[in-house]
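Below are two complexes that have chain A in common, paired first with chain B and then with chain C.
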Partner chain A sequence: MIIMGFSTLQTFPLIEGLTGPQTLDVLHKRITALGARVSGQFVVDCETYFSAPSLLPGNSQRVLNVLHNTEEPASVFAILEGGAKQPVLVADTLLDALLPKMAVLYTSNKKQTRIESKGNRYEMGDFVVKLGSVTMSGSFKGILVEVCYLACVVPALCWEMVWEFMQSFLGSTVPSTLPPYIQSRQNATFSPTDTIQMYLEKFNEFRKQTVAR
Partner chain B sequence: MAEKTVESLSKALDCVQQLRTSVCDVFRYMTEGNSESGDDDTQRKQYVINLKETLNTVTRRLHDVEESVNKLSVPSGAFQLGNTGFLSLDPTLDMQVLYGRLLDSYKWTEKVRDYSAFAVPIWAQNGVKRSQQTALVRKRRMAQTSHCQPPQHVDAILKTIGGTFNGMQLSISRPYGTNSAVVQVDLDHVLKAVITFKGLLIEWVLIRGYDEPMLTEDGRVDLWTPSDYHVFRKVSENAQAAMVHYYGPLYPEFSLRSYLTWIYSYMKLFSEPCVKCGSRLLNAMPPTWRDLKTLQPYHEDCKS
Partner chain C sequence: MPVRPKRGLMMPLSMSENLARLAAKIDWSRSDGEEDGDEAAPSSAEGDGDADSQVTTFQQPTWPWESVRNKIRDAYTEVCVLSDVLSIARHKRYMVLDGVTQDAPEPKQIIQVISKKKGLAAAAQILSEGAERMRENLAEQRRNRNNNDFYTELLRLRQKWRLRKVGNNIIGDLSYKQVGSRFWLSGTFEVKKAEENAPALPPPAPGLPPVPPSPIIVTVPSELQGAAFIYVTIRKDQETLCSARLTHPGSTPLPVPQSQHWSDRLDAAQNVLFCKELIAQLAREAVQLQPRLPHMVIGNEITSTIFPGIHLVMGLAHSARPERRPAAAPLPPVPAGPLGDNNYVLEHSLHQLLRHMHHRNMHHAMPHPASAPMGMSKRRRQAGPGAASRGQLLKMVESETLLESIIRQARHVVLRMRTAFAIDSCAREIKDPLIVTHWNSVNSPTQSCCKVNIMTHGYDSVHRTTFLINVLEDSLRCVCRDGRVMTVSYETSELHYIILCQVSQHNLLAAQSLGRIMGWTVKSSSSGQGGGGGGGSDASQTAQSGGGGAASSSCVLSAPGGHCYVAVRCQPHGEPVTVSVAQSPKRDFFPTALVTEHKWEHLGGAFRQIKWEKMEGRNFLNKMELLMANLSSGTGSIM
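Entry: the complex of A and B
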């Protein structure tokens, strides 16, 4: 598996009096003023499938999340929720073609459940920053900021430095502790599946939000 | 004898000085003249008497001078400068100047000779020169061996030194013959280095990220491909500069230990702040330089 540095993900609250695109514009100006340059676009999307009642005994339901990340264009990530463990499957893009054929087992309402984070990708030295606007079923939900430090693969070794970098353009909204997901595995080698798991966590948080701004 | 001559000479000179003073007194007295303007005979007479007295002093002094000159012994002979003495007798004007110059230069060389005679014993006491010479001889003898050591010896030294650093692993391979060892260094989860040795001398070093491959496609250790990451390219540059700094064919084990200690100081590359500016990041780079003596972290722009 390819190891691609250490990533951290956080939501950025809308600046008071500004809309989502305007807040993103402010962040864009801040980060380009620091010396970062735009290096294309990125998308992380998630589709959710629900298991058919006949699949599991006792009417329990499992949720299958299928995620794509433009950083790993040849891979599809599938995460099964609802059990004691959350197994992550990393597959080729053929999985996308396979899932419609499994409609008997896992069904999805694509229009309602599709959520994605999309926006500019920036590079500055060994740092990669992704400013994504999160939309669910076409409506704006919030802003997700992903900061990746490519040269280091162990979160505990470089968190303070990444935190210093994030503070330079996100200000006081950056928490001084590692994100909860990473805290338990801060001395382990970071991998792209960890990034995807963090995206899924954040997407689930957005889904729970009743009021979209 | 010489002292006596010098004494009588100085006495004679004193007498001449006194004579000059008394002559000066006479002239001064005369220039002042009789200050009283009246025609008083007594005053005029007094003036003449005083003048006579000063003149008498002059005569006495002159007598003294003559006496002291007579006391002086005639030098035994003129300076014996060989046939050059005849130059002074040359009636041509041009040639007469030459002789004076010749004497001057003679005196000057005499002085040089005296001073150098004094300097020789002082310099002879200083032993620095001798010790430097012996050090040079020792250097040459020892330098011959450090680049061609038996492989077992190199392995043993690398193993001993490598074992003293906690978290740093060395793996030795010899893809280019027995005399050149290629050592892969894994520094915790921070970086990887590949160091090429000739005997015990470090010839080349390259730093890469922890997640970057160290082997080429055909399975050999990759000595040349630089890292994809800015930070490790910069650390590589610095490591090559430090390699030159720690180069010591006289004491190869010591220089190797110092160099590995220096590399080991990168253990906290991503977490230690720069000692000068106090922050971890400058131009999106961590402190990539380690001081060669204190091993303290500095940013590239903070180190000077």
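Entry: the complex of A and C
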């Protein structure tokens, strides 16, 4: 049985008048003041592959997102978007070696589509907090805060406490409801793929922002 | 006288005719004196056969057989003289026969020298040609034999070592890579054919025959030459508690001379490689591990602290190139004890551990999926698709390193020695109950077991206290008969304490069972009355326990008639047992102001301590037996 707890993910808007790194610095100060200590770095990255036109009939296109999370260093997550379902594949790192061989079917422009959230990992009792600055193809996009509560795997049972804990250093920016992806499965056991799904959602949001601008 | 021979064909004379003709010539009538003049006639007649008829007719001898007779007579005379001479000469008295010396011809020296020279030259040529032929023959034979020797030796080499051909060279491999080693040092050696006229090696010892040169020359890389071993020493300050030497099984740690047989040299080189790999692995682990007291790696020596004040020193002694600088070869620090002290468990473990590591590198649990990389455990393979977290992955790679297991074993070795010493010193110290230990001969490298029996001499069947000591890596576990399990740290004073407790308990229980045998009744028995003197009825005993914790124990026994009591109190600190006696009623009663009647004496009197060391008896139980026997007989003379 894999016990990894429950994670929630949210964006943190930049504090007015401060840049991204400065905002992160503020958060760092707040959370270390609470007693958390840094326990290394973390990276969650996502690469996107687009299906070749010949693969599917009609004009439809599938998007293959390949994600890595340093919390699961031996795994590669692949999520296929564009269909009725979003199948999630968890594989070992050989998948990375396999993808270049499928370049005919799924092509990727690595420089433009790579998006990642990178930053410090903090530990504080049962809580693990990750403050990540999101960069897409090298440019800063925003801040993602992941809070993980290791002692519970059912989101509905511990959301209140996690929410309260998050408010202590994120302030009023914390939404009072569970992230939309979790809401539908708040009584189910939380798994690492759920974290990845949430990251993908947020990454897609950031991408849309770019498009809007 | 002219003779005109008649010519005509004549038949040759027959034998009889010839005889008759010759007889006609003999003048039988002539005297001896005339024979000189006649000599010429028969000789000429003899020489000229054809003219005989004319001669005979011409001379007309007086008697036809005369000449014949004369001749025979002459011959006879001569023969007589000859026989006389011979007979005289035979006696060698008056005459000696001697060879006639002939004068040598005049030698011509130059011709002689030249002819001798020629003869000698011819002989010499023949001889040298023969020798040349023989030499050629011999050389050819030797070449053939050498070739054969080379190939048979090569075959033998191949049976033991891995060889391959690179170009024109034969390269061998003595590394452990084939069995899973990942050591960087390549253990290759080169095989060459020995030169034919290689200088014969000096005999290894004056008494032994010279060794024929091996037809194979093995060249070992310089870093693998010489001899090496790994020493493991457990030291307390400067004193060596235990040591082990790790060499190739069966080989000596002495340097191998260059001239030795290839198999010895290769064995030695492989041993060097093994030792180097082992020490490299240990050093790497020593640097990687982060214990509370960091390991020290200095040069080829690793030092780690296993107990406070006790260090484990492991080092590589490698005497490289013994033939170049025999005097300056780094003398390995020989462990203080003789080699007989070698701790084989440690040595064996070191060998085994590295080989286990090799084995692990090579052998993976079956089956593997064809797509997965080799060398992964099943759990590790499933970690990827199962999205295992970082913590889980870290747990998977955790495995015990060689250094850790060696340290564990070394700890155990030290602890076992300490325990044995502590028990032995206790047994020396405590004479009265005997302490007997049985060490199990079958141990694991990190666990051994010892059974301690406590009994009193002569009363073995009365009572026997047994407890078990499990010696672990850094703690002892004592299991008592009653099921109590005590875990003791590596400090031997704690074990000492436990033994003293067991001894006191033994004394108490043995006194009770002796009492039961003798018909006495155990009135009360308590173990663990605290360190103070509250237990028992012994008011005079005010001993304070030194360490606290362990309790004194006591019991009260009553005589079969109930008229007297014996109280025994045992202190667990090695103090002597105190025994007190109370009697009721006393035989002699003197009324006092408080106790006026004799009947009150039935309530039991005050206990009075016995001067135990003055008691008769060999040991505690013997004294008790005597005391109880005395009391139950009712005479009470002891009072």
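The criterion applied here is as follows: the second predicted complex is superposed on the first by the 208 of 213 C-alpha atoms of A that agree within 3 Å, B and C clash if a C-alpha of one lies under 4 Å from a C-alpha of the other, contacts with A are read in each partner's own complex, and residues count from 1 in each chain.
Assume a residue touches a chain if its C-beta (ideal position, glycine included) is under 8 Å from a C-beta of that chain, and two chains touch if they have at least 3 such contacts.
The model shown is predicted, which means the values in this text are computed figures rather than measured ones.
Partners chain B and chain C, once the complexes are superposed on chain A, both fit on it without clashing. Once the two complexes are overlaid on the shared chain, A:Leu178 sits clear of chain B and of chain C alike.
Once chain A of one complex is fitted onto chain A of the other, the partner contacts of A:Met124 are limited to chain B, with no touch recorded for chain C.
Of the two partner chains placed by superposition, A:Leu14 touches none, neither chain B nor chain C. Taking chain A as the reference, the larger set of touched residues comes from B, when chain B and chain C are compared.
Of the two partner chains placed by the overlay, neither chain B nor chain C lies in contact with A:Leu105. When both complexes are overlaid on chain A, the residue A:Cys152 reaches chain B alone and has no touch with chain C. Once the two structures are overlaid on chain A, chain A sits at the apex of an angle of 80° toward chain B and chain C, using CA centres and rounding to a multiple of 10. When both complexes are overlaid on chain A, the residue A:Val43 reaches neither chain B nor chain C. By the touch criterion defined above, A:Glu160 reaches chain B but does not reach chain C. When both complexes are overlaid on chain A, the residue A:Ala52 reaches neither chain B nor chain C. Taking every C-alpha atom of chain B against every C-alpha atom of chain C, the smallest gap after superposition is 10 Å.
In the three-chain superposition model, chain A touches both chain B and chain C at residues 4. Chain contact summary for the complex, chain C toward chain A: residues 371-373, 380-381, 383-390, 392-393.
The part of chain A that touches chain C in the complex is made up of residues 2, 4, 70-77, 90-94, 191-193. Of all residues in chain A, only 3-5, 34-35, 124-127, 149-154, 157-158, 160-161, 164-165, 168, 189 touch chain B in the complex they form.
Of all residues in chain B, only 188-190, 209-211, 228-232, 268, 270-271, 279-281, 283-286 touch chain A in the complex they form.
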